[in-house]
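One chain, chain A, links the two complexes that follow: it is found with chain B in the first and with chain C in the second.
So, the complex of A and B:
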């Protein structure tokens, strides 16, 4: 059986049920035991207006990234869908409403903009939905029915997820939606009997719920709950807001609180205060909010206070591109702020890693008494993947270094200059242990002191502490390792999936290529990264930023000037484009 | 007509030749081809060979989609025209889209003709005009060992051969309606019968079907005024008729097809017709004539395109193609047979 690898887009105007339809496809296909990666895009200004697009890549093998081409476009609004035409495969299937309420001029007709080779499946979506349920509102479900019919997907999967979604809204709503779905399904089978594209298994053995559809943001939220988060302080900002919304619903039931602060400065201040007092606390923001936080992150570094700060990157600088993805806060995360202020920066690459590394960040923050920045981005936060249900192991939830050894009472040094740089932690209320938290440079006791040797010694201590975290932080991971490689591609964050897919394609073409995933951005495992680069004739850093921020940080480890791909298009990196660059580097030969 | 918009309705040989000619002569023109079928432009004369498995489906198609993309020809498949407002130069498509045009070529082709007395049996008979028809024949032929061909047209003789190569028993019912619209002379009838019988075809010279009963999916009982028999499938091959019904209320002059002058002009400015949907006036004979066949269609398509671009070329009344199967010769341009 040939591989299933299908990218499906739903495009419509806000209010058409576009996002809901895309979500139902993801859920249904996930229950059918397919691998799914979905990503929604919606207008920056206000949700409720403008174009909405969902993209779902469905396959019977692991999905690493969004595909460059869309194979199926389900149009709920022709005029909006025209913008999707450049992304269509030449033989794309187009499911559209062929009996819209009014006549449309060519300039506003999707069909008029398609290229030769597109396969049309015109369905009277509005009429069918109205006839089935008495309202055209269910035309998105009718379109899903048509999709299931044309592609041979089990209607039972769709009926199951529709029921799950609409049952809480009452019998009437549920019935209307099921009827709307069935109308599209039956119409497609009857009208396109000669043009069906049976791709999926038409029946499944039961409904599988061993995997769950999670977005990066939800995974972060679940991780925070499993980490026994007590306090969340934040100020809403795209694309981090869903974390706050999720925790606002869930955290109180486990004894925690979400507090919406007046801005990001007060949010980080409150997080530092809570952690200083011994409670696990976090905040989530995006680039502009993170910029405001940098002064107080410096306080966290200087006063050695744990904090978990999630920076969900988006296009910048300033307000920038609020609903577009970018990886341009790496410099800001690593270096942002005053003075030498080392902190841990970690960047998950998948939804599953969003869970894993958010959970671990609380331990890193406590053990190393430092702010930990978790760097995600719009693409990672909003994309959904079906992942095994995340379950925290006991060691993942264990609390590290939260109190000093009672035997040290009396000789306790809050900022003891240890070999590892890690000092015993204390917090207010612990009798016999001081709990200084000052932004001023200080001695091991915490007393202010700006003498040259103290500042030298304590700065070195703080750097040493962060370097010692390397033993706990995730090591760089090589994919397709060999003794000698023509090109080594180094990536981080949400782009890594695209990189790995490009490398897989290159290897299928016989090219000597490997990928290196760097998750711990700072500190980083320099020797391991260097030993990978030594094996590569050339090194390539594809990044979603203009200045090549990871390459700037780690490129010096390569004996040759690395190649870079730097895109700030607001959309995820294209595996095809990365592959083309790999090929070009190899074809260019030795420099 | 530089930087203007030409629409070609149809996706057969006349339509495609018109599009290519327009592009060659008007690099900036926006050219749209609208085809009702989902399939690309195919060689209809190869359908019998496709049915019997002699050629692959890919070989049927004349141009891949990339051909159109490379030439910036906007090909729209599976889209039906439901109305044309020749005064406002607007075309309405089935999916409620409205297009405007500066120039229009009607190359809408034709569809299988079933003679009036046989219309009652229409649902029991297969035709062979489109790729979809061919797929249906292929599928159904796997279930039967015999087929009856009624009528006789450009396709039927080669289709009979195709069926024979598949090991099927073939009955061929010939009468004076055969080879319509070509007048079926005694000579043609006799030659055809002789050739077919020599190949093992059971020729039935009968001018009337008295009744057809479907006994099972793959078994029909047929009664003719010559004899009665059982058969697995029935194919109707009575030629084609122009596919112009949708133009009935548009004001364009129709008879059986679209009536055009010797320059292929309809009565509307910048609107031309070409291919086997056009009935071309010949001033010398004072009557309309029609051409069928692949090469004739292409010639007419080219002429229409050149005239749309300002040329003044007469449609070539000389037959460009002599249809010949097994030595049976039929001229494919004719007068008065309609």
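So, the complex of A and C:
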């Protein structure tokens, strides 16, 4: 099996052009028709001189997660790159500047820290870039040129993406960058002719633009546009801000508006007001902002108002770890707020799903007249994947609001206690269907009422309504289903990719394992989840939170106490670590 | 306060003629007898009638408190939202459907304490909403705690030794924040409220109606009917509400003058 599966890192100091170089690798390899998943990490400090690292996993098969090992390290700064040594494969290829501008004492050089198996490709990056373009600024592109040369990737792909990126900055900048790239490419071919590792040979077939590089955040933004979003209300917060910035640019041209509010409370209040008046509106936030929103989410539940709320999770509690990933707002999303307040919570697992489920959420919200929380996280929001250009089908953009029967004019029951729990909804401005909605418990007309029967009946109605949404919500999906399984691994959100990769590896080793993806977190398809779990000797819930929040919610469906993996390291779950746990559970045998 | 029979009959006849009861809903107000809010309700209904605004094209968004109950007592569309959040909720409503006449209603606790942050920012956004602040300087629904507009020394169960915090002046705040239409009004003068609403609702942008009112149940000393009637007086005929600096002088020297305090000149012409 000649599978291509290469993880490439670019590491440098802020200002070295590290993130740009990583982005260009992603774009170029995507155009070469490879699968790409990229994830960057950079300092939270605005002008910090911190370490920047991009990781790109490139393959000829679907990429599910970041790999545990790095095969290629492109170093733009020795001192910063030393920190990456523990993550390198034993025979990793190192592309580095062997004549850096400043003196690096030997003990502090990258080379001194590498393992014996590392394959060194020392290149005078700074000198080459300076000679080619008159400035060392293009040394990141010189390094890319070397990478393309060593790995046999078509330089045309890189020239294409470099042109796309630098053309807007003028002829001079573009030429300098192209020359810097070429210098690295030619140098690598000439100097390492006997040590080339031609891997991306198929990339010379031409440029394929049927896929686009998208981050989770951008996918969400495109979905909002395609959902015919009219109003976005929000407040800046990492990692959700890019959604607001994207929409601020794009929404006006389709007749919508972005309003930066004074806080997250006013953001969700305005979203509810706008949806109540019949416009599609949304907000995006992260844990701290979501916590502020929970009271108004309760109003959305009680007054039965649609809303789409994106919670891009980060490490918590409190301000927590603003630039690190975590899945610890599941309880907050499902239960946050006052009283018994059922709402829909949905968690995409890939960039493509970020698009699909953000788009669908507007319909869920509209039909079931409820806040819908879309749960993503830092890793999913910021990672890029090349996905087929997302296009909304006509059925995805249909309006799902159930309007009242015109015959009922004058005797309208806004909160009619129907069998499904869904009460036909009018919009302010519609004659003959006036009503007052409230956060107070109310009768079918909307009039406040605290009598025991009413509260019991209306609470049941609201739960019934949310449960009835299960027919529309995405069903749990089993990967590698069998009649009997040793271990069933249940996952959600961004970490499902790591889970699936671990399960795949386990199966390649002959282990009886399957994975269950749960996308609809609340309400959830209890019977389907249970029927998967009964087939498994053991069930394992790997999650990026300390308390095991999905396991807490659904673990009771398993007849045996589930195993858990709970990590709060700020980084995505490692497929290798999950695989090791699966193996350990199987080796332990029956309990 | 008893109204003599013949006078009452005349008033009822007047109400019937103008059909100002039409916006009233089936639900009778739950406010205490003698509450200032009855006058405001009457004045708003009167203004809506005179503006010939169809009830289904009017949306009343309220916060929590005695004033928050307002939308239940009219036949317009209503949204009784969350404590302090009438303004941002109304902002969403108005932006979603600019054809609606949007009133935001709340008390002094709702608007100056818990919802205080939304007041300047709603004014900054200048969305076309009409904000009616019912200011009786007390938390009535929770039975008489001091509010942000209570004077220093207010004694209550929650402040048995008297309050020490300085009161907020909502009219001065609105003026400072740059509000384009500001009226200070008195619940005991429904006609004055109606007149101001007729102008303010037509004003394109954020309009602020600071309505001085009473809590007959829990306030026996400050904003009582008797005290208000004694203190409240109309702005002088010579007063020019388009003179921004002069408005400050008025508001800084006088807490109880009523009428249009400030009106941005030439407003209504520029659409947002």
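For this structure, a couple of remarks:
Here is the rule we use: the second predicted complex is superposed on the first by the 579 of 591 C-alpha atoms of A that agree within 3 Å, B and C clash if a C-alpha of one lies under 4 Å from a C-alpha of the other, contacts with A are read in each partner's own complex, and residues count from 1 in each chain.
The working rule: a contact is a pair of C-beta atoms (placed from the backbone, for glycine too) under 8 Å apart; a residue touches a chain by one contact, two chains touch by 3 or more.
Predicted model, so just to flag it, every value in this text is computed and none were measured.
Of the two partners chain B and chain C, more residues of chain A are touched by C.
In the superposition on chain A, A:566 makes contact with neither chain B nor chain C.
Legend: residue contacts after superposition of the two complexes on their common chain; A:296 is shown touching chain C, with no touch to chain B.
Of the two partner chains, chain B is the only one that A:114 touches; chain C does not reach it.
Residue contacts after overlaying the shared chain place A:418 against neither chain B nor chain C. Using the contact criterion defined above for the overlaid structures, shared-chain residue A:194 touches chain B, although it does not reach chain C.
When both complexes are overlaid on chain A, the residue A:279 reaches chain C alone and has no touch with chain B. Those residues of chain C that touch chain A in the complex are listed here as 25, 27, 54-57, 59-61, 64, 71-72, 75-82, 85, 87-97, 99-100, 117-118, 121, 125.
Those residues of chain A that touch chain B in the shared complex are 90-91, 96, 98-100, 102-106, 109, 111-112, 114-120, 122, 194-195. Interface residues of chain B, counted against chain A in their complex, comprise 38, 40, 65-69, 73-79, 92-100, 132, 135.
Of all the residues in chain A, the ones that touch chain C in their complex are 230-231, 233, 257, 259, 261-263, 265-267, 269-279, 281, 295-296, 298-299, 303, 427-440, 447-448.
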